[in-house]
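Next, two complexes with chain A in common: one pairs it with chain B, the other with chain C.
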Partner chain A sequence: MSPALSLSAIGLVVAATIGIGLFGLRISRTTSDFYVASRAITPRWNASAISGEYLSAASFLGVAGLVLVNGADMLWFSVGYTVGYLMLLVLVAAPLRRSGAYTLPDFAETRFESAAVRRICAGLVVGIGTLYLLPQLHGAGLAVQTVTGAPPQVGAMIVAVIVVINVAAGGMRSITFVQAFQYWLKLTALATPIFVILLAWHQPTGVLDSLHGAAAEWAEPLSRAGGRAHPLYATYSLLMALCFGTMGLPHVLVRFYTNPDGRAARRTTVVVLALLGLFYLFPPMYAVLGRTFAPDLVGAGGDTVVLELPGRVFPGTAGDLLGALVAAGAFAAFLSTSSGLTVAIAGVIDQDLLRSRLHRWTGGDYVAVNSFRIAALLAMVVPYLAFTVTGALSLADTVGLAFALAASTFCPLLVLGIWWRRMSTTGAAAGLVVGGIAASAAALVNVTGGPHGGWPRALVGQPAAWTMPLAFLTVIVVSKLTPDKIPAGTARSMVRLHTPEAVDVDRGPGPATAHRALPTARRS
Partner chain B sequence: MSDTRDPDLTTYRDVQLSPDFTELRRRFRRFVFPMTALFLVWYFVYVLLADYAHGFMSHKIGGSNITVALIFGLLQFVSTFAITLIYVRWADRKLDPDAAKLRHQIEGAQQ
Partner chain C sequence: MSTPDAPRRVRVTNPRASAAKRPINPTGTREIDEQTRLGEIYMLSLVQTQLRLTLAVIAGVLLVLGSIPLLFWLVPPTRTLSVLGLPLPWVILGILVYPVVYVAARIYVRHAERIEAEFTEFVGRQ
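And then the complex of A and B:
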C-alpha cells in the first residue's frame, strides 16, 4: 500500500468536504437553514444525503469485516440496516413530521407535556450519538493506521476536527450537499475495486469453490464459525435492534424534516432503500474475496479487509490506486456519519443544555448560532474522550449497540406515543429510564471488554431482544398504574399526529422556543 | 410560528370523535400493523429456516453453486423494496384522498 497516494486521496475528500461546506455557508442564513435546511431539499438530493449519512464506518468497513470473520450470519447487519428505514417510514415518519417537532426531545415535550421527559430524551440523544460516533473515530484511527502506520489518535483527531469545523460553519444545509456527494463517492470507492477484480480475474468460480473445502462452514448461515454462541438468539436480537433502532437514531430522524411534505418523504424513502440495497451488495463480496486473498485478517478482527484487499489482489500500482480510492471512500463514510450525528447532538445540547445558560451568563448578549457552534464542539469532545479510553471493539458491533439503545428507548416512546392514547407521562419516563439503563449497561460492559462466552456474552453482546420488550412492558404497566398522569392534551396531540399535513389545523406550540426567533413558513 | 390563533379545543375533540378521523386512523392501522407484522415474520422465519432446515436451505438449484439460502437472502432486499413500494402506492391512492376529505370537514367547521 502506498501511503502517499492514499493520503492524497484522503486529503482530496477532506478538501471537497470543507469546500462544499463553505459553499453551503453562503446559502445558510436562518436558524431553520441550520437545523432542517428550510425543508427545501428535493427527494433525490435528500435520499442521496440520507444514504450518505447512514453508511458509516460500520457499513463501509465493519460489515465486510464481520462477514469475513463470522460468516454468513453477519449479512443480517446489511438487511437490518435497510429494514429499519421501512419501519421508520410506515410507523413513525408521517406522524412525527406532523408533530412539528424538529428533534426527539421536542416531540417528547409536546406529546407528554413534561420538561422531565424532554430532559431524559436529550440525555439519550447524546448517549446514542456518542455510542455511534465512537466507532466512526475508531474506524478513522484504524484507516489512517492501516495506510500510514500512524497511531490511531491521528485519524480520529482529523475526523473530529474537520467535522466540528464543518458543522459549526454550515449546519444542515451544507451538510446535505456534502453528504449527497459522499454517498456517490462511497459507492464508487467500494464498487470499483470489486469490478476491477472480477474483470481482471478469469475464474471467479474459483472463489466459490474455495468456500466448499475447509471454509464451507463459514458460508453456512448460523454456523457459529466465528465462535459466537447462540447464533439464533443473537441474530434475532440483532434484527430487532436494527429494525426498531433506526427510528430512534437522532441523525436519521432529522432528515425526514428536510423534505417539503409527506409525499416527498415517502418518495425519499423509496430512493433511500434502493441506494442502500445497491451499496450493501458489495461488502459481502469483500468478505468472500478476503477469505481467499487475506485469510490472515480473520484473526485480526477483519475490520481492515476492505482497505487491504486491493493491495493483496494487485501488488503494485493498480493496487495502490484502488487502495487509495477505498481509503478515500472510508474517510467519506467517517466524515458524513459523524457530521450528521454531530449536527443532531449539537442541536440537542444547544437547545436543552447550553442556550438558557448562555443567556443567563451573558445577560442575553449572544447570537443563537454561536450557541450552536459551541454545542458542536461539545458534541465531539465527549466521544473523542471515550475513544481514547475504550478498546477497539468490532466497528459494526459497536454501532449495533447504539441501535439497541435506540430500540429500547425511543422506539417504545414513539410507537406507543403515536398510537396509544392511554400512555401516561410517568409511563413514558419510566420506559425511557428502564430501557435506557438496561441497554446502556449492556453497551458499557461490551465496550470495556465483556463476558467471554455462552449466554452472558450473547445476552450482553446483543441486548435488544430483552431490553426492548422490557421497555415496552414498563411503559404499558406504569401507564396502567398511573391513569391520572395521562397528558391532558392527548386528544389534541392525536389529532395533530394523525391528521395529514394538508389539513390546516393548529399544530400547537411546535418546535422549541429557539426556532421562533427566525420564523419561516413551515408548510411550504 | 406564524400560527398564533387560540386553539379551538372543541374542534379538536370534534375531529377526534368524528367518524372520518376514526376511520382514517383505523384504516391506517389496519394496513400498516398487519403489513409490519407480516414482513417481520418473513425475516424471522428466514433465520429460523437457516438454523433448522439446513438441508432445504443448502439445496443447490440446477447443479450450480447457488443455494436456496442465497436466493432467499437476496429476496430479503427485494421484498423490503417491494413492501416499501406497496406502502407508498397505498398511501398515495388511499391515505391522501381521505385526508383531503377530512380537511374539507375541518375547514368547514372553522369558518
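And then the complex of A and C:
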C-alpha cells in the first residue's frame, strides 16, 4: 500500500467535501436554510443524501471485517441495516414528516405536550449520537493508521476538525450536497476493486474457495465461528435492534424533514432501500476474498480488510491505486456519517441547552447562527474525548449498541406515539427512562468486560430482544394506569400525523421548531 | 352584500341569505376540524386502515426473515447447501434479501398512497 497515493486520495475527498460545503455556504443565508435546506430538495437527491449519511464506518469497513472474522451470521448486520429502513417506511416515515418535527425532542414535545419528555429525548439524542460518533472516529483513526502508520488519534482528529468546520460553516444545505456526493463515492470506491479483482482473476471459481470444503466452517450460519454461546438468540436480538433502531437514530429523522411532504418521505425511503441494497452486495465479497488473500487479518480483528485487500491481491501500482480509492471511500464514510450526526446533535444542543442560556448571558446580543456553530463544536468535543479514553471496540459492535439503545427508547415513543391514541405523557416518559436505563446498562457492562459466558453474556451482548419489549410494555402499562395524563390534543395530533397534505384540515399549531422567532441570520 | 369598509362586527345580513351560503351538508374536513363524532370516525378509519397495512407488511417481512435463522437451526444441511456455486445462506442473506425488501417497499407505498387518495376524495367530496 502506498501512503503517498492513499493520502492524496484522502486529501482529495477532504478538499471536495470542504469545497462543496463552501458552495453550500454561498447559498445558505438564513437560519432556516441552515437547518432544513429550505425543504426544497428532490427525493432522488435526498435519497442519495440519506444513504450517503447512513453508510458509516460500520458499513464500509465494519461489516466486511465482522463477516471475515465471525462468519456468515454477521451477514445479518447488513440485512438489518437495510430492513431497518423498511420498518421506518411502514411505521413512521410519512407521519413523522407530517408531524413537522425537525428533531426527536420536537416530535416528543408536540405530541405529548410536555417539556419533561422533551428534555429526556434531548439527553437520549446526545447519548445515542455520541455512541454512534465514537466508532466513526475509531474507524478514521484505524484507516489513517493502516495507510501511514500514524497513531489513531491523528485520523480521528482530522475527521473531527473537518466535520466541525463543515457543519459550522455550511449547515445542512451544504451537507445535503456533500452527502449525496459521498454515497456515490462510497459505492464506486467499494465496487471498483471487486470488479477489477473478478475480471483479472483467471479462474473465477478459485475466488470462492474459502466458502467450500473442510475449512469453510466460518461460512456456515449459527456455527461456533462467531464465538457466541447462543447464536440463535444473538441473531434474533441483533435483527430486532437493527430493524427497529434505525428509526430512532437522531440523524435519520433530521434528514426526513428535508422532504416536502409525507408522500415524498415515503418515495424517498423506497429509493434509499434500492441504494442500500446495491451497496451491501459488496462488503461480504471483501470477506470472502479476505479469507483467501489476507487470512492473517482474521486474528487481527478484521476491520482493515477492505483497506488492505486491493494491495494483497495486486502488489504494485494497480493495488496502490485501488487501495487509494478504497481509503478515499472510507474517509467519505467517516465524514458523511459524522457530519449528519453532528448536525443532529448540534441542533438539539442548540435548541434545548444553548440558545436560552446564550440569550440570558449576552442579553440577546448574539446571532442565532453562532449558537448553532458553538453547538456543533460541543457535539464533536464530547465523543472525541470519549474516543481518547475508550479502548478499541469492534466498529460494528459499538454501532450495534447504539441501535439497541435507539430501539429501546425512540422506537416505542415513535411507534406508539403515532399509532396509539391512548398513550399518556407519563407512559411516554416511563418508557424512555426504563428502556434507556436497561439498554445503557447492558452497553456499559459490555464495554467494561461483563459476564464471560452462557446466557448472561448473550443477554448483555445483544440486549435489544429484552430491552425493547420491556420499553413497549412499560409504555402500555403506565399509559393504562394514567388515563388522565393522555395529552388533550391527541385527536388533533392524529389528524396532523395521518391526514394527507391534500386534505385541507386544521392540523393544530405544530411544533415550535427552529423557525420559532428566529432573526434572519445574515443578510448579505 | 356588505361594503368592504364596513366594520365586521356591525354587519347586518339577511339570516336566510347567510344560511344559504353554508353548504347544506358540512364537509368531511369540517367534521374532522370540529372533532365531531363523525369526524372522529373518519380519522379512526384512516388510521386503522393504514395500521392494518403496516402490520401486514411487518408480519410478512418478519415471518420471511425470521424463519431464515430457524431454517438453518432446524435443518442443518441448508447451512452448506450449494446454489450456483455459493452456499445457500450467502445467496439468501447476501443477495436475495435486498430485491425482496425493495419490492415489499414498493407494494407498501402503492397501497398507502391509494388509501390516502381514497380518504382525500371521500372527505373532500362529502
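Here are a few things to note about the model shown:
Going forward, the second predicted complex is superposed on the first by the 505 of 524 C-alpha atoms of A that agree within 3 Å, B and C clash if a C-alpha of one lies under 4 Å from a C-alpha of the other, contacts with A are read in each partner's own complex, and residues count from 1 in each chain.
The working rule: contacts are C-beta pairs under 8 Å (C-beta built on N, C-alpha and C of every residue); 3 or more make two chains touch, one makes a residue touch a chain.
From a predicted model like this one, the values you see are computed outputs, not experimental measurements.
Partners chain B and chain C clash in the overlay (superposition on chain A).
In the superposed model, A:Leu273 lies in contact with both chain B and chain C. Once the two complexes are laid over each other on the shared chain, residue contacts for A:Met494 go to chain B and to chain C alike.
In the overlay built on the shared chain, the residue A:Val79 is in contact with chain B and with chain C. Comparing the two interfaces of chain A, the one with chain B and the one with chain C have residues 72, 75-76, 79, 82-83, 86-87, 89-91, 205, 208, 220-222, 232, 235-236, 239, 263, 266-267, 269-270, 273-274, 277, 280, 419, 491-492, 494-495, 498-500, 502-506 in common. Interface residues of chain A, counted against chain B in their complex, comprise 72, 75-76, 79, 82-83, 86-87, 89-91, 205, 208-209, 220-222, 231-232, 235-236, 239, 243, 263, 266-267, 269-270, 273-274, 277, 280, 419, 491-492, 494-495, 498-500, 502-511, 516, 519, 521-522.
Across the interface of their complex, chain C is touched by residues 72, 75-76, 79, 82-83, 86-87, 89-91, 94, 205, 208, 211-212, 216, 219-223, 232, 235-236, 239, 263, 266-267, 269-270, 273-274, 276-278, 280-281, 284, 288, 419, 421, 491-492, 494-495, 498-500, 502-506 of chain A.
Interface of chain C with chain A (complex): residues 29, 32-33, 35, 40, 43, 46-47, 50-51, 53-54, 57-58, 61, 65-66, 69-70, 72-73, 79-80, 82, 85-87, 89-90, 93-95, 97-99, 101-102, 104-106, 108-109, 112-113, 116-117, 119-120, 123-124. Of all the residues in chain B, the ones that touch chain A in their complex are 1-3, 5, 7-9, 11-13, 15-16, 21, 24-25, 28-29, 32, 35-36, 39-40, 43-44, 47-48, 50-51, 54, 57-58, 65, 69, 73, 76-77, 80-81, 83-85, 87-88, 91-92, 95-96, 99-100, 102-103, 106-107.
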